[in-house]
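In the two complexes below, chain A is the common chain; its partner is chain B in one and chain C in the other.
Presenting the complex of A and B:
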């Protein structure tokens, strides 16, 4: 087997495209890579001191829906017409939380103008794929109920569809309201309904152009 | 087999990671910043003026062997006009004004991308890949008695003289020779000892 990571990821003779791999392991978040964009009040993104904890994403305990993104500070290097986003999600015990993660064109509001996002928590009854094409945003549910069980999800965009897979099984295919503007990886949390700390964990994120 | 030094850089995120150092090699006004563009990677800019050059490197932390290492880089000149662009490779000093390096000279004033190696004097060889503003994958391998230069999966040039002898570090540089600044874009860098 080749020693080269590049040769394992790219067929011989092909030129690799933009990619990022984040394992969320270490003593602090890599703030060269990541930007914390607070939307309401204050949320935190910090390594979890627990086995397989990855990154612990937390709201503060206040009301008014504290919410925030982890983003690339609107440095958008990913192509919504040809991308793949792979990550993990483990929702905390409190169900009153909104979770979104995937790619989006901006981090300035709860719904980026262009996006393709896995959605979980009390935003939906079932894990879902939400997309927005610059003006219209829609969401399609999977058949997997929201729970605190950790799962792997995968969003693939090819210009004609965005496909959400959960734990390796294709669950949602969307062909309308797909993003078209350049995007960045996004991880989002929102406290909903009650005043308490809400959390979710992410231990892996990979995004690349295809 | 013992694990050897290995480094991977995706050049994706809000800014250049702090384990890279940026330096103005000549002139002024250069920079290195993430490009807000699809497949944008890092943009290394020479600075505007005449004969400016800017490089990113490991601040002379040289962990790669001149006689047993590989460098892989996906990069392009972000210009199509006839002024200089830059290069990617591994060097003992932070840029091509020092001794001991191998690199690909990805410069718009050339017809072909060049393979370059140097200990005390430089050897410049044309590859068969025409200079353009497209991304290419560059692989340079330092062996005990040769240096091999591969572009887009095809071996282009093998040097058996003018080989570096001192330890190396990755570097990427942009270089201009006119009043227009030059940009090098890079979306991947990997280096490892063999």
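Presenting the complex of A and C:
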């Protein structure tokens, strides 16, 4: 047994690369780390008072597609040519919601210029991987239908491909329109189609360079 | 063994991990996940300690009648039916008449506790550290064989639907089967020195909680 977390994550003699781990547990969101970027109207990011609730991400009840990011305020430390993003997602009961999470180069628009994002909700019929290379964005669906079942996903990028796995099973491999600019972790919500509060929960996020 | 991710230290990627957090109490300021609640007096403090291995230091002032706690302000993500807490903590003196110190998971803020599992040091009541569990309103305490002390120690409790198992420094001390909690809980430390004057402190170096 080793006493060191560092030694459990990095081989002996290896200089560890940038990594962040967020457990979303506590009385409030760590706003020293996280930045809320409202895109339309008002969304909230707050700890859930429920067992295994983690972070509750909510839109307001208004129309006009309220949407927002949780980001690092455009502090971009992650390399799209060698990264991994691991997180959990539990969509709320209302299907009229757009969910994206992964890495992106900015938080100022619904689609960052460079990104690699798991997508779910009514943006897609199936959980999917969306990427954008600075100008062109494309999306590839998995074979897993969107639902409110909680799942773990990871996105691995190495410069030649971005791979999305769902619950430990590889589902999408994308080789086109991959991001190339430095990125930050992003969690995104958008209310779609109807005027009502939309939600999803995230209880873990880890991002690191490889 | 080298793990590729922190996630995979405790869960394979085929499993959605349950709520799990840990806190090192190291840095310039206390993480904003904690709420300090002044219960009596209003001048208790919880700040980082500028000492080797000091973690954070929770202080009740020497003035008579002080009670305070810190917790997640009723963001209760830990399951009475299956969770574990680990606190590494040290009180300021081995005995101090008038102190009541509770360390564990608790279902509420405020003066009264509800559903909880915790270690209790109550110098007016016992010479030994107690293992307390509470189901809504009914509570009971079983004494461990560890005398109240001022050592930094590892306090761990695992609870499920039928047992709460309390260990100190890696050795199981008490297994309780009655008055187990029946509602969601949060990490919490409460310190009460209502009956005597005197500065009371607790250093907290680590806290971890997770659902099983």
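Definition applied: the second predicted complex is superposed on the first by the 210 of 210 C-alpha atoms of A that agree within 3 Å, B and C clash if a C-alpha of one lies under 4 Å from a C-alpha of the other, contacts with A are read in each partner's own complex, and residues count from 1 in each chain.
The rule is short, and it goes like this: a residue touches a chain if its C-beta (ideal position, glycine included) is under 8 Å from a C-beta of that chain, and two chains touch if they have at least 3 such contacts.
Here the structure is a predicted model, which is why all the values come from computation and not from measurement.
J.: Do chain B and chain C fit side by side on chain A in the superposed arrangement, or is it a clash?
T.: Verdict on chain A: clash between chain B and chain C.
J.: Who does A:32 touch here: chain B (first), chain C (second), both, or neither?
T.: In the superposed model, A:32 contacts both chain B and chain C.
J.: Per the contact definition in the header, classify A:136: touching chain B only (first), chain C only (second), both, or neither.
T.: neither
J.: Kindly classify A:21 by the partners it touches after superposition: chain B alone (first), chain C alone (second), both, or neither?
T.: both
J.: After the superposition on A, what does A:76 contact: first (chain B), second (chain C), both or neither?
T.: first
J.: Determine, under the contact definition given at the top, whether A:160 touches first (chain B), second (chain C), both, or neither.
T.: A:160: touches no partner chain.
J.: What is the contact status of A:125 with respect to chain B (first) and chain C (second): first, second, both, or neither?
T.: After superposition on chain A, A:125 lies in contact with neither partner.
J.: Using the touch definition from the top, say if A:204 reaches chain B (first), chain C (second), both or neither.
T.: second
J.: Output check: A:10 vs chain B and chain C. Expected answer is one of first, second, both, neither. What do you get?
T.: both
J.: Would you indicate which of the stretches 44-52, 98-106 or 134-142 belonging to chain C has clashing C-alpha atoms with chain B?
T.: 44-52
J.: Identify the residues of chain A that lie in both the chain B contact region and the chain C contact region.
T.: In chain A, positions 5, 7, 10, 19, 21, 30, 32 sit in both the chain B and chain C interfaces.
J.: Would you mind writing out the residues of chain C in touch with chain A in their complex?
T.: That would be residues 1-7, 9, 11-22, 31-35, 71-79, 184, 209, 211 of chain C.
J.: Hey, which residues of chain B end up touching chain A in the complex?
T.: That would be residues 6, 8, 10-18, 34-41, 70, 72, 74, 134-137, 152-154, 187-188, 190, 192, 194 of chain B.
J.: Over in the complex, which chain A residues touch chain B? Could you list them?
T.: Interface residues on the chain A side: 3-7, 10, 12-21, 30, 32-35, 71-79, 182, 207, 209.
J.: Considering the complex alone, what residue numbers of chain A touch chain C?
T.: Residue list for chain A touching chain C: 5, 7-11, 19, 21, 23-32, 47-54, 84, 86, 88, 150-152, 154, 165, 167-169, 203-204, 206, 208.
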